[in-house]
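Shared chain: subunit A. Partners: subunit B in the first complex, subunit C in the second.
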Partner chain A sequence: MLRRSLGSLRSFSSKCKSEPQTASKSSNTIRKEANLVGHIAAFPEIYPDFLQSPVWNRRNALKEELERRDMLERRMNIDIPEFYVGSIVAVTSSDSNLGAKEHRFVGICIRREKEGLHHQFTLRNTIEGIGVEIMYDLYNPTIKKIETLKLEKRLDSDLSYLIDALPEYSTFDFHMEPLAHPAGTPIPINETKVKLKPAPWTRRWEIFGCAGIEDSWSGATPWFKRKLQKTKVNDYEKYDLVAAYREGSTLEHEVAVQKQIQKFENERHAAGLTRRRILRSAAAAK
Partner chain B sequence: MSSATLPRIGVTIGHVAQKLKTGGIEPSRRARLEVLRRIVTRCVREERVELKWNRAVEARPYLERLIQLGVERGPLDEYTAEMMEWWLPERDLIVKMHEVIVPRFAEIQSPYTSLYRLPPKRLQQFIQNKREFWKRYDIGILEIDKNPFPPVLSENSAKNEESPNLLNLLLTDALKNNLEK
Partner chain C sequence: MLRSLVTGISSSPAPEWAANRLLVATCISNTQQRGRRRTLTPVPWLPPINEPAHSNSVPLNDTTKKLLEKVIEREGTRFGEELDNSKAAITDIGESTRRVGLVVRKIGMLPQWTTNGTRILCTVLEVVENNVVSVTSPEDWYKMSAIGKRKAFNRNGPMWKVTVGSINDDPTKYSVGYRRQFNRAGIPIKQKLGCFLVTEDALPQTGQSLDARHFVVGQYITATGKTIDWGFQGGMHRWGMRGQPTRRTTKSHRRIGSVGSVGDARIWPGKRMPGHMGYEWVTVSGLEVIRINNDKQVIYVKGSVPGDIGETILLKDCVQEEKKLKKGPLPTWIPSLETISEESEEEAAAEGTIPKELLHNETFSPKIFRFTSPSIVFTDADAKRAAGRDKTKAKIAKVKK
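And now, the complex of A and B:
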């Protein structure tokens, strides 16, 4: 037994990362595992709800696990299609106070935020000249149906600036026919650059460096130019590698979650309860 | 596949950024990055550097991530190229990174760097009214693995046999005796 304990001590010390010289000699296993699982390259964009919180001290493995199970159960009951910020989405939700008992809203997805069961997305459209934004909880049980009418991306991952753009950029037909995306082709990027209304805006869009805004500066009047001079330029922050690492997702987490989803799907399919698939990627489909 | 998510880095990393003394530069987040950039540049050039402990701890994940970007994505990736250009302002270091350092770690998992602690140094600051003012500094060594220098730790100390810790000595001896029996 003691012989074994010494052996285990040695084997531990050969892996322990706090012992620099003996660590770091293992080959790259996670890449192999990712290939084996068939890891979806666009996982963080397709499933932002399955990622971890960017704030590290809010991460809780047990909470995440429990929430993930609830999310998978819900996804077995409702078909949640793939959509991105910039896609045109229709949501049908039930509302007992309406005569029709259900409400359908069509709009461009301008934001996807929060992780886990609290994941939210916001749709924007212009109705009778007034901009309307509706924030939906993705896992709200009153949502009956989510459809992607047009699958595409924009130049930015947050289109909140559409609130200050001309209304033509956020006007979409409620009776729009869904446009099928050919499987296996990359998601098209809509390179529209929007024109903003004259300042004042709700936020100082010129300092966020949004790629999808066309020349916000030259249209401003001298009074606003004086007022909105560049003061808070922090474009160096993109070079903070570790800040980006802290906020971003890791391959280990994505592979583990993808494995869990696949296992869940296989169990349900084997039980003959459903044929619904949760894990889908239009760009990676064959 | 080049823009796919990267694996975790194999070094200890705090959940928030620590403040660093920026000596001379007005303290800000920019100044902190500037200090870290100097350390990373120096480390890539010299491969083993002696620093204040807290700076070495802060700089290590940056160096690690930079090497990981090179290993996982290669020099042709847009993001990698941008980061290399900013973090290594001297052109020859970018070439060294891609041609010397990255090939060492191909197909090997992180960590690619090591951090050792040296005994604290006491340095005299100044003398005022015949009184000497001393200051104690915690010192660390940050190095890129597989460098050409002799190892920091000897073979024995890496196996915990030269440890000055009494508990370690007793445990190693006890285990040895038990094995001989």
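And now, the complex of A and C:
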């Protein structure tokens, strides 16, 4: 109480009305701190679940801290490997109604979305000629094991268009041997360009400008081609710096989270509970 | 500002805030119609809460500043005075007993999982510095206010009005009238206030601090708050109307359509139309408390609660017949009650190997999955049983042994 009232008095004594504790640090100090912590450059890609919500109203320091504690606790019990959109991933989850009590699914990761405990990823594969997509909650405790069979990226950060692509682009062998990624080498980018099935498609891929589609324009129906001029073409979005700031993550946040992860790891290692490391990067490994 | 602060302290027999309010209420209350869905103007008969801005802009010299510091310090001196806690206990709660509630802040929504793997979306509520501001007896309340006339002696018997404040704030922002009620209770100035109806057997003491453990994990609660303010919205969003076809329609895709053409061919009051949506008081009852973080004073409630993130919400015990609280801290939780729940802590310590210092002090509902435990593995016992006999096979009589 006393501290509170004294804190409120600070506004009388100093000329500046803003509170220096809450103000953002200068970019130089953050960069120095990032070097000290050993900041992973690809942090937002490897840990999209540790980013802040793009809806600013939903950002709350306390809630995020509690959420991150839960996430780290879970990561101590299950090994969540590094994987990207475009990697081939196998997930083993327990299911009470199956005879084997567990289910393994292999597929290409086509989407990673949402932040925190809400984080989801979608795997896609073609089974007996039928495209199957399974959405997993990353922190669902029924997931027993996540394996990255092939660590690679594609040209896009969202492969939702595979649903309209020829089935051979999303067919993967369930008995695929995992391919080891040599530590310290950059993540390979698979530059496959996908051929789409004839239109109609689920979405108008010709206007999204996906790099991984081969000639989406000629596949589009004349109706939509004629409509292009009437549609909002979001070409200007890449110049919208404010939108990029609002939706992207800041170095300050990344460094703070990385510190929390490291502190958590060190505590658990010191207590002799586990030797698992949460903070890893295949490209930055030595 | 300064003058008002000093008078607030020195002149104790100043005109009563409550009496003042009654006086003004009798004069003005007829001019404004209250009790509508939402009221966007402050109540005219209550004194202003915030100190007018110009009084803060007066430059202060050093001696004045020091005096002001002293005054503010003295305002909070009674805080932490010993309260008589001999009555507090974890006991059975009677049918007619109504406990106080808490004034909480909604800080977000998180998924949690049950031990059988189902996902539950929870609302996370933070209990910020809750204190009892005042306790008004039903007689006083009846005399004092129009609301008291309606609520002090209701069908559930006489009800005390307990005002709870939350979130400490800078006293210089507020007017004398507003600050006086906190000075009387000897607690710091609060940003948010909420009132609860309480029976005599569950009366807390003035100035008492309230804890998140006032609620028990597994109990059901009622949440009251103002819904999200959507502003002026059309009929499709506000009332869920269907709108009109997308094709072969011009400029009427989202309009409500024909109105008042049946019978008397007029529009009756209450016709659903576009207008202001949200920012109404809404109560949701029967929400289960699933997890409580005692260190951070955070309550996880199953389901959603009215209002946007960051809004203030009133939480109280659910009064639905089957969802009433049977046993809990009465009148409220105090630190000395902690020893009673030691058994469950021992159990928790036995099952997990993680030392206590590394974890928050938390209470979980038994059906909630703890992230410290390993992944869920099912056995044959967990599989869903077939509802009846397998009708594809012939019926065979059981042989008795």
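We take it that the second predicted complex is superposed on the first by the 247 of 286 C-alpha atoms of A that agree within 3 Å, B and C clash if a C-alpha of one lies under 4 Å from a C-alpha of the other, contacts with A are read in each partner's own complex, and residues count from 1 in each chain.
Throughout what follows, a contact is a pair of C-beta atoms (placed from the backbone, for glycine too) under 8 Å apart; a residue touches a chain by one contact, two chains touch by 3 or more.
Since the model is a prediction, treat every value here as computed from it, not as a measurement.
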item: Subunit B versus subunit C as contact partner of A:T202, first or second or both or neither; value: neither
item: Which of subunit B and subunit C A:D137 touches, first, second, both or neither; value: second
item: Partner chain in contact with A:E252 - subunit B first, subunit C second, else both or neither; value: first
item: Which of subunit B and subunit C A:S218 touches, first, second, both or neither; value: neither
item: First, second, both or neither for A:E73, with subunit B first and subunit C second; value: second
item: Touched partner set for A:N57, first subunit B, second subunit C, both or neither; value: both
item: Subunit B versus subunit C as contact partner of A:E237, first or second or both or neither; value: first
item: Those residues of subunit A which subunit B touches in one complex and subunit C touches in the other; value: 2, 5, 9, 13, 57
item: Residue ranges of subunit A in contact with subunit C within the complex; value: 1-2, 4-5, 8-9, 11-13, 57-58, 60, 62-63, 66-67, 69-71, 73-74, 76-78, 94-97, 101, 116-118, 137, 139-144, 267-268, 271, 273
item: Interfacial residue positions of subunit A with respect to subunit B in the complex; value: 2-3, 5-6, 9, 13, 17, 19-31, 39, 41, 43-44, 55-57, 234, 236-237, 239-243, 245-246, 248-252, 254
item: Residue ranges of subunit C touching subunit A (in the complex, touch as defined); value: 60, 65, 68-69, 72-73, 75-76, 79-80, 107-108, 110-113, 116-117, 119, 124, 126, 168-172, 188, 293, 296, 298, 308-310, 353-355, 358, 360, 369, 371-380, 382-384
item: Residues on subunit B engaged by subunit A in the complex (per definition of touch); value: 1, 3-13, 15-17, 29-30, 33, 61-62, 65-66, 69, 83, 86-87, 107-112, 114-116, 145, 151-153, 158-160, 175, 178-179
